[in-house]
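Sharing a structure here in C-alpha cells format.
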Amino acid sequence: MEFTLLGIGILTWITFLPVVGMVAVLLLPKNSKDAIRWTSLGVTILQVVLAVVIYSRFDRSLAGINSVAGMQFVEQGTWIDIPSVAWFGRVHIEYFLGIDGLSVVMVLLTALVSFIATISSWKIDRSEKGYFALLLLLNTGMMGVFVSLDFFLFYVFWEVMLLPMYFLIGVWGGPRREYAAIKFFLYTLFGSVLMLLAMIALYFSTNVYIDGAGVIHSIAEGTKSGLAGLEKIHTFNLLAMMDPGNMVPGSLLAGWETSWRYIAYVGLFIGFAIKVPLFPFHTWLPDAHVEAPTPISVILAGVLLKMGTYGMLRISFPVFPDAMLHFSWELALLGVISMVYGALVAMAQTDFKKLIAYSSISHMGVVILGMASMNTQGMTGAVLQMFNHGTITAMLFLIVGVIYDRAHTRGVNEFGGLMNKMPRYSAVMVIAFFAALGLPGLSGFISEAFSLLGAFQTFRTLTIIAAVTIVLTAGYMLWVLQRVFLGTLPEKWAGLTDMDGRETFMLVTLAVIVIFLGIYPAPVLDLMNASMNSLAGIMQHAGTTGMMGMQ
Amino acid sequence: MQTSLFNGVLAWLPNVQLAHFLIVSAILFALGLYGIVTRRNAIMVLMGVELVLNAANINLIAFSRYGGLHASGPALDGQVAAIFVIILAAAEAAIALAIVLNIYNRFQTVNVDEVSSLKE
Amino acid sequence: METFDIVFYIFATLTIVSAFVVVFTKNIMYAAFSLLFTFIGVAALYVLLHADFLAVTQILIYVGGILVLLLFGVMLTNNVVSVDIKTGTLNTIPALVAAAVIVGSLAAVFYMTWSTVGEPATAPTATTRAIGELLMTGYALPFEVASVVLLAALIGAALMARRTRKP
Amino acid sequence: MSADTLVTLSLAVLLLPLAGFVLMMFFGKKLPRQGDWLETGIITIALGIALYVLFQKMTTFAGEVGSLRFTWIDFHEVPGIGPLKIVLGFTIDNLAAIMMAVVMIISTLVHYFSIGYMHDDVRYSRYFGYLGIFTFSMLVIVLADNLFLLYVGWELVGLSSYLLIGHWYEKKSASNAAMKAFITNRVGDLGFFIGMAIMFTTFHTFGLTEIFAGLQSGQMPLGSESWLTVAGVLIFCGAIGKSAQFPLHVWLPDAMEGPTPVSALIHAATMVAAGVYLVARVFPLLTADALMVIAYIGLTTAFISATIAIAQNDIKKVLAYSTISQLGYMVMGLGVGAYTYGFMHLVTHAMFKAGLFLGSGSVIHAMHGAMHHQHDHHTDPQDIRNMGGLRTKMPVTFWAFVIYTLAISGVPLTSGFMSKDGILAGTMAFAGFTGHTLIPIVGFFVAGLTAFYMFRLVILTFLGAHADEKRFAHVHESPKVMIIPLMILAVLSVFVFYSWNPLDASHGWISQALPRPATVVPEHLAATEAAEFAEGVHHAHMPAMLLSLTVAGLGIALAFATYYWKKISADRIATSLAPVHRFLVDKWRFDELYGTVVVGGTLALTRALNWVDSKIIDGAVNGAGWATRGTSFISSRFDALVIDGIVNLSAYLSGFGGLVLRKFQTGKVQTYVLFTVASVLVLYFVFRMV
Amino acid sequence: MTDRLLHDLALMVPETVLTVTIIVALVADIIFRRSRAIVPAIVMIGLTVAGIIVLGQPHESFAIFSGMLAVDPFASFFKVLILLSAILVVVFSLGFNELNANGRKVGEYYVLIAALTLGMMLMAGANNMLMMYLAIELSSISSYALSGYTREAEDASEASLKYVIYGALSSGLMLYGISMIYGLTGHFTFSEISSALPPVLEQGSTASLALMFAGLLIVAGLGYKISAVPFHFWAPDVYEGAPITITAFLSVASKAGGFALMIRFLSVSFLDSSVVTLGAGSWAVLPGFDWRSVVVALSVLTMTVGNLVAIWQNNLKRLLAYSSIAHAGYMMMGLVVLTNEGISAIMLYFVIYLFMNFGAFYIVMLIANKIGSEDIEDYRGLGSRAPFLMVALAIFLVSLTGLPPTAGFIGKLYLFVALLNSGWVWLAVVGALNSVIALYYYIRVLRNVFLRGTEQAAAPLQLGRLEGVVVVLLLVPTVLLGLYFSPLAALAQASTKMLGMP
C-alpha cells in the first residue's frame, strides 16, 4: 500500500505536518493570536483528513508486525550512512516508516486526540505562540513514535516529546507545575536512557546484509542470494531485530533465554513501563495530570500513556519473545496490581483530576494484563483498550476542564447537583463515566472484556483478582458522579453555565465515537486483527518451539 | 678518635649508587609538596614548587648518568630534558611571581588561604 | 668508601637539611637563603653525576635568576620596615602524613627497582659540547618551543605585574 | 412466515423502546405533554407485537425455535484456536416468548400507571425515556441466545435501574440507593463474567447452543468436571446480584427510593426476575452440585427476607422483602429441579407483585395527595402505621390488592397458588430424592410467613380505622389511568390464564410449553432426571397442596387474629422478643455488616493506599521530608529545594552526594593540592593491591 | 639532514604560522597602540590560515623532529578543533563587555590566545614526554595570564593565583613521573617507551610498581588538563573567576588538547604490540600499569562528581564548569574500551561538545553583557525578554543533556555504542544514569528562564545582528548534527589513525 502526495509519503506528511505548522506559528507575529490558533487547528484538521485517508486505504488483510511486506504506506530510505573503516562497520540508519494493524490504530487515535486537544486549547491565554508551537512539536513526536519502524528513529521521536511536554506542563500548568514537570521529565528520561542502552545492545546483536542500493536483506535471504555485492552491517531496523536469524553469533543479546537478554528486556521494559505508567513507576502521573492544563492532560492520557504499551507490543514482544514469555506472569501481575491499586487509590481522591489520573493507571493496567495474555483476544482487547481509553479519558479530562474553567476548583466534594444546572454537560458526563466503568454498549466495555477474557485463558487467578476492579471502578466512578452531579446544587455555583458550542463539539465528537465503537467495534478491530493474530502467533510459536523454531 | 668515628660512620654508610640520588630526590620531592601544601605565603609555596622541580631534575640527571634499567647505558637525553625543566621553571616562576604581585595589589596579602572567595 | 661517597653524603645532607629549613622555617628570608643552599647542594650532586654543564646552569639560572626573582617577590610583597616576614602554615598534619607516605613509598620503589644498577661502565666525558649538539639536532624543536614559552611568560608576567590603578 | 420471522418481529419489540428512549431524551421536553403519549404509544404497539409473537409461538410454531445470528467480531484465523468469530444472536423459544410478553405487559401497564402517578414530576419526559431504555435492556436479556448479550443486557438493566432509582437524585438517599444497587449488582456480575470467561476459554464461543453442544460432546470447562460446577455457580452469581439473592439482597429494599411504578416494573416483576430467567436459560449446564447450591441460596433468601418482612412498617419495604422472598422461592424451585413451576412462579409473581406495587403506589399517591393538601411534609406517606381504613375510600385499589394478596399467599383459584404449589411439591420430591428435608420444611414455613405478613399489610392499610381522621377526609381514589392497570393485573392474577384446572397446573399451557430441558452435563454429575423428577412431583402434589393450604390458612388466620381482631398483641410479642424483633427490624443487620466490613474496609484500604502512594511509593522515589529532616547537617536550603520540587530519591541521593562532594571545594588551593596528592597516593595503593 | 629538516618543517607549517602570528601581533600591538582591532584581526587571520593548512595536510602519519611531534590525522583533527575554538573565542572576545571596558589594552590578550592555541596544538601532536611537558607548560603559562586578564577584578586575580599554583604543582607531579619513566626505559618518545618497557618489566615485579607510580603522576598531570576528578579542583574556581571567553576556551580547547595528549600518551606508550590476536581497531595494554582501570575509575568519578555538584550551583558559569567536568567524564569512557571506535566516539563528542558548550557560554556571556549577572536566579523571566536567545540556550542545554534530536545525543550515543560493543555494560549504565542527573540541573536553568517570570515586566533585551549570527552559527550544527551526522562520524572514524598505533 502506497500513497504519496507531492512525492512524499503520507506517513511523512502526517508526521511532519505539525513541524511545518510550528514553523508557520513561529513566523506569525506574537499578537495575531487567532491566526496562530487557526493555523494549529488547520494542521490538526489536515492530520485528521490524512488519518481518514489512511483508514480508508488500509489493507486489513496484511499483518505486518515482523514482515516488511505486511507493513503499509512504507517509506524506507537511508537516513544516515557512514561508510565502514577497517575496524568499524558501516553504520546505516534508515528512515523507515510504516504502519500495520497495531500502529494504524494509534495513528488514528493520535490524530483524533491532537485535534480535540487543539480545540480544547482555544482558551489558552498566555504566550499562545509558544504554546501552540510546542503543542505541534509534541504532536510530531507522538505521531513519529507510532509510525517509526527503525529503533533509532523511534527513540528520537520518543525523546522529542519530552521537552515540549515539560514546557507545556511547566509554563501553562497549575500551581505546582514546576514540580510536576520536572518529575515527569526525570522519570521519563530515566526510563529512556535504559531504553537507549537496550537499543544499542540490540544494534550490535543484529546483523543484516545491505546491497549496493542500500536495501536491507535478512541474513537468510542474503545467504540464499549468494552474497554478491552484499555487505554485512548492524542495523536499528526493528523488523530485522525481530528475526532471530539475524542475530550476531556470540554477541551480547545472541542466543535464547540468556541473562543478558533478560536484562536488556527489563531495561526496555522499565522505559516503557514508566510511560504507561505501571505500578510502581506511576507516581509521576497524578502530579503531571493535576498540574497540566486540560488539553495537555488530554494528550497525556489520550496518547502519551499509550506509547508505553505500544512500545511493548511493537518492540518488546516480537524482539524478545523469550523474555516476554519468561516474564509474562510478572507483567500480568504488575498489570493487575496497577488495576486494583489504581482503582483503590482513585477512590480515596477528592481532587477530580487526580481521581481521573489514578483511574488511568487502573485502566492502563487492563492493557498490560490483556497483552500479557499473549493471545489474540487479550492483545486485541489491549490495543482496543488503548484506543478506547484514549477517547474516554480524553472525555473525562475535558469534563474536568469544563468545570474547572468555570469554578476554578476541582474538589469533588465542593460540587453537587450539577445535573440540573448543566444538563448537556451531565449527559456527556454520564456517557463518559459509564464508558469508563465498562458499561456494555460503550466502547470501554468491549476492550476490557476481551482483555480479561484473553487474560483468563492464560492467568486464571490473576484475572479473577483483576476482575474485582469491575466493582471498584463502578464504586469510585459512581461516587464521583453522586458527589458532583447528583444531590442539590450549592448556592455558590448558581451562576454556572452549561457547555458552550466548542466544548459541546469536542465532547460530543468523542461521545459519538465511544458509543459507536461500543456497539460496533469491528471498524477498529478489523484494522488490527491480522496483526494481532500474527503477533500472537509469534509469541505462541516462540513459546512452543524455542529458538530453534524461530529460525 | 674523631677520625675513627668518622670512618665508622662512613663504613656504616653504604657505597653511593643510583638509588641514593633517587632517595635524595624523593625527599626533596616530598618536602616540596609539603611546602606547597602548608605554607600560607604564596612565595613560599613557589619555593616548594622549585623543590619539586629540582627533585625531578636530580632524577633525570641521575638516570642520565646511570642509564637506568634499560640496556642502552648512559645517555644525555636526561640532561637535555633537565635544561628545559630549568628554563620552564624560570618562566613559571616569573609568571607566578607576577600573579602574586597582582594579588598583593588586589588583596594586600600574599597569604594563599586568604584568597579564597571562589568556592562552593 | 671513597671520596665520591663522602662528598655525596655531605652535599646530600646539605641539600636535604636546607630544604627542610625552606619548608619549615617561619621566616621567609631564612627560607629564601636556605633555598640557595639547596640549589647549590643540588648543583653539587649534578657535578657528582658528571653533569657539569647542568651544574653551572643550575647555579646560573636558579641562583642567579629564580632565587633573585623570588627575593624580589619577597621584597615587593612584604613590608620590610615592619618585621612581618613570618608566615603561617596550614594543613600541617595531613601534609606531614602525605609527605611521609610519599617518601616511604617512593624510596621503597626506588631502592627496590634501581638498587641493582651499578656504576656505569663508560667513563664520564665533558657534556657541554654534546648537549649543545643535541639541542641543535634532536632537540631543536623543544628548544624553539621553549623560546615561545619564555616569550609567553614574558608577556604574561609583564601584563600581570603591570601596576594599575585600583578600581 | 417462519419461526425466524418471529425473531424479526421480536427485534421490532426490542428496538421500539430504544427508539422511544432516544426520542424522549432528545425531543421529549419539547413535545406536548412532554411526550408521554409517544413513549406509551410505542410501548403499546410493542406490546401488541409481543403478544402476537407469543400467540404465534404457542400455536403455529410450537415446536420451532426461531433465531437470528450475526457475526459481530471476526477474529479470523487465531493462533492456537483456529477461526474465531464472535457470533451473537437473538432467539425466540417458548421461554423467551413468554418472558417477552410478561415484560411487555407489565411495562405497558406501568407506563400507563405512570402517566397518573408521575404527572407533575420535574423530569417527566426523562422518566419515560428511562422506562424505554429499561424495557429495551430487559428485552436484550430475554432475547439473547448467548452469554455475551445476556451480560450486555444484564449491565444495561443495571444502568437503567441506576437511573430510575436515582430519578429523584436530589435526595441523598435516592442517589445512595442507586449507587448501592449498581455496585452490589456488579459484584454479582463479576461472578457472571468469570463464569462466562470460563466458558469462552473452553468453547471459544458465547452461544449457549454451542456451549451445550460442546458439553454434551464431553468437553469439560477448563478440562475438569469441578470447573463445570464452578462455572455454573459463577454464572448463577449474576442471578444472585440481579435477583437480590442472599448475600447480595441488600440493594433491593433501598431501591424502593425510586418512583413506585419503577419498583413495580423493575424491582418486582421483571428485572429482578432476570436472575431466575438466567438460571432457566443456562439450566442444562448446571450440575447437581450447582443446583444444590442454587437451591440453598434460594432457600436462605426466602427465609431471611420473609422474616424481615414481618417487622417492616414501610409499605414498599414490606413488598420489597416479599419480593426477595418470592425470588428466593423461584430460585429454590429451579434449584430443586422444579424448572417449570419455578419459571411459572416468575410469571404469576410478576403479575401480582407488579399489582401489589402499583396498588401501593396508588395508596401512596393518595396518602401523599392528602398530606399535601394538609401541608404535612413530615409524616411518612409510606408508613402503614399512618394508614388504615382505606378500603372505603379506595375500593378498586383495595379489591385489587386483596386479589394480589390472595395470590401471593397461595390461596386456591389464584395464579400464585398453582405455581407455588408446584414449587413446594418439587421441594418435597427433591427431599425424597436427595434427603435434603430442610428445603421443604423451610419452604412451607416461609409460605406461612408470606401469608401472615401480606395479610398484616392488607389489614393495617385498608381495614380498621385510619390513623388521622382529618387526613382521611382528603384521601381519594386514584385516577382511572392508574386503577385500570390495577384491574388488569388483578384479572391476570386469576388461575384461568395459566391453566384450566385451578388445582393442578401441570396440564396448563405454560407447563406444557416449558418442560424441563434435558441436561447436557455428564450423567454422573446431573441432577435427578427430568421424567423421574416429574413422577416424584406428581406424587408429592397432593400432600404439598394440603400442607400449603394449611400453612397459608394458618398465616392468614394469625394475621387476622393479631391485627384485625387484636386477639394477640403484636406489641407484646415484640417486647418480649425484643432482641429478635430488633434484629428483624434491622434486616438482620446486613447493611451494617457490609457497611462496616466491605465498604468500610475498602474505604480504609483506599485511604491507606493513598497514604502509601503519596508518602511511601512516591516518597521512596521522591524523598519526603522525613528523610531530609532526619539528616542534621542538611541545610534549610535543601528543604526549600524539596518544596521547590526537585528531589526524588535518586535526586535525593544525588543532592546529598553533591552536598558532600561540595565540601571538598573549599576555595583554598592548597587544600586542593593536598586532595590531589592524597588521591594519587590512594590510587597508587588501590591499584597496587589489585 | 637538510631535506629531513625541510620535510619536517613543511609539516610544521601550521605551528610556524601561529608562531609568526604571535610575533607579528606583538609587534603590531606595539606599533599600533591605539587600534583595538588590528591585533585580533592578525590573530584571526593567523588562526584561519593555520586551520586551512591543517585541513590540507596529508592524511598520513609522520613523526617529525626526531619523533618529537607526530603529524597524523588524529592530531590534525584535534588541531582543527582547537583552531576553531580559538577563532570562536576571538569572535566572542570582540563583543565581551567586561574585557573591553575601561579602555583596557587588549593586544596581549589576543597574543596570549594565539600562544595558548599553539600550546594546545603541540599537545595534540606531542609524541615525546619532553614535548608533552613543554606543550602543557606553554598552554598553562598562557592560560594563567589569560584567566587573570581582567585583573582589577578580584575574581580573576584569585583565579589566576589558584590556577598557577595548582598548575605548577600538577606539572611538577607530571615531570616527576616523566623522570621515573625515563629512568625505567631511558626514552622520552612514546613509541620507544612502549618497545622498551617489556624487557624492563621482566626484570622484576618492583619495576611495575615504579611504572605505576610514574604513570599515576603523569595521569595526574594530564587529568589536570582535562579536569578529571580528582584533579579537577582548580577548574570550578578558575572557570568562575576567569573571563567567560577564557572559561569557554579552557573548557573546550584545553580539554581537547589534553584529551589528545592523554589518548596518545596512554595508548602509544603502553601499547602491547605483542598481542596481535585482537580484531581490527582494537589494541591491548602492557601489563604493569593498568591504566585502563585508572581511567575507568576517573571516568566514573568525574562524571558523577561533576554532575552531583553541578546540581547545587547558582552561578551559571560555575554550573557550566561542573558540567564540563562531567563531560570530560563521559568522554573518558571512550578511552576505556581500547578500540578506535572509542577514540572516534571521543572525537565525535568533542566536535559536538564544541558547538553546544560554546553556544551555552556565548549566551551566558551575552546575558552577562546585558544584565551584568551570571546568577541563575537573575535569569528569571528572560524567556519573554529574550525569547530567541533563551530558546537557543534551551537547545544548547538540551544538547548538553544529550537528548535527541540534538547533536549531544549523537555524541552520547556513540560513546554508549562503543562501550556496549565492548561489553562495558555497567559503565554505560553509569553514564546513562549520569545524564539523567545532568538533566536536572540543566533544566533548572530553563525552569527559571521559562517557568518563572519576574514580577514586573522588564524591557526586552536587544540582540545585535552579529551576535544573532554567531548564535545561529553555533545553533545550526547543534541541531543539524543531531539529525544528520554521517559526514562528521565518517570524519571522526577516518581520523583515528594515530602514529604508532596499529
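Per-chain residue numbering starts at 1, and chain names A, B, C, D and E are given in the order in which the chains are listed.
Everything below uses one rule, namely that contacts are C-beta pairs under 8 Å (C-beta built on N, C-alpha and C of every residue); 3 or more make two chains touch, one makes a residue touch a chain.
This one's a predicted model, so the numbers in the text were calculated from it and none came from an experiment.
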Contact-graph distance - origin chain B, target chain E: 1
Longest centre-to-centre distance from chain A, chain (CA-based): C
Chain centroid nearest the full-protein CA centroid: A
Between B-C and C-E, the pair with more C-beta contacts: B-C
Chain whose Cα centroid lies at the greatest distance from that of chain D: C
Chain centre separation in whole Å, for chain E relative to chain D (CA means): 77
Euclidean distance of C-alpha centroids - chain A vs chain E, Å: 42
Rounded Å distance, chain B centre to chain D centre (Cα mean): 97
Cα-centroid distance, chain A relative to chain B, in whole angstrom: 67
Where chain E touches two or more other chains, by residue: 130, 134, 137, 141, 144-145, 148, 151-152, 160-162, 165, 169, 173, 183-184, 203, 207, 209, 213, 236-237, 309, 312, 433, 436, 440
Where chain B touches two or more other chains at once, by residue number: 22, 29, 32-33, 36-38, 42, 45-46, 57, 62, 67-69, 77, 80, 84, 88, 91-92, 95, 98-100, 102, 112-113, 116-120
For chain A, residues contacting two or more additional chains: 178, 182, 186, 190
All pairs of touching chains, each written as two labels joined by a dash: A-D, A-E, B-C, B-D, B-E, C-D, C-E, D-E
Chain D - residues contacting chain C, complex: 668, 670-671, 674, 677-678, 681, 684
Complex contact set, residues of chain B against chain E: 22, 25, 29, 32-33, 36, 42, 45-46, 49, 52-53, 55-57, 59-60, 62-63, 67-72, 75, 77-78, 80-81, 84-85, 88, 91-92, 95-96, 98-100, 102-103, 106-107, 112, 115-120
Parts of chain E lying in touch with chain C, wherever the complex brings them together: 12, 19, 22, 26, 64-66, 68-69, 108, 111-112, 115, 118-119, 122, 130-131, 134-135, 137-138, 141-142, 144-145, 148-149, 151-153, 160, 183-184, 203-204, 206-207, 209-210, 213
For the chain D and chain A complex, residues of the former touching the latter: 25, 72-81, 84, 151-153, 155-156, 159, 162, 166, 169-170, 172, 175-176, 178-179, 182-183, 186-187, 189-190, 193-194, 196-198, 200-201, 222, 602-603, 605-607, 609-610, 613, 617-618, 621-622, 644-646, 648, 650-651
Parts of chain D lying in touch with chain B, wherever the complex brings them together: 662-663, 665-670, 673-674, 677
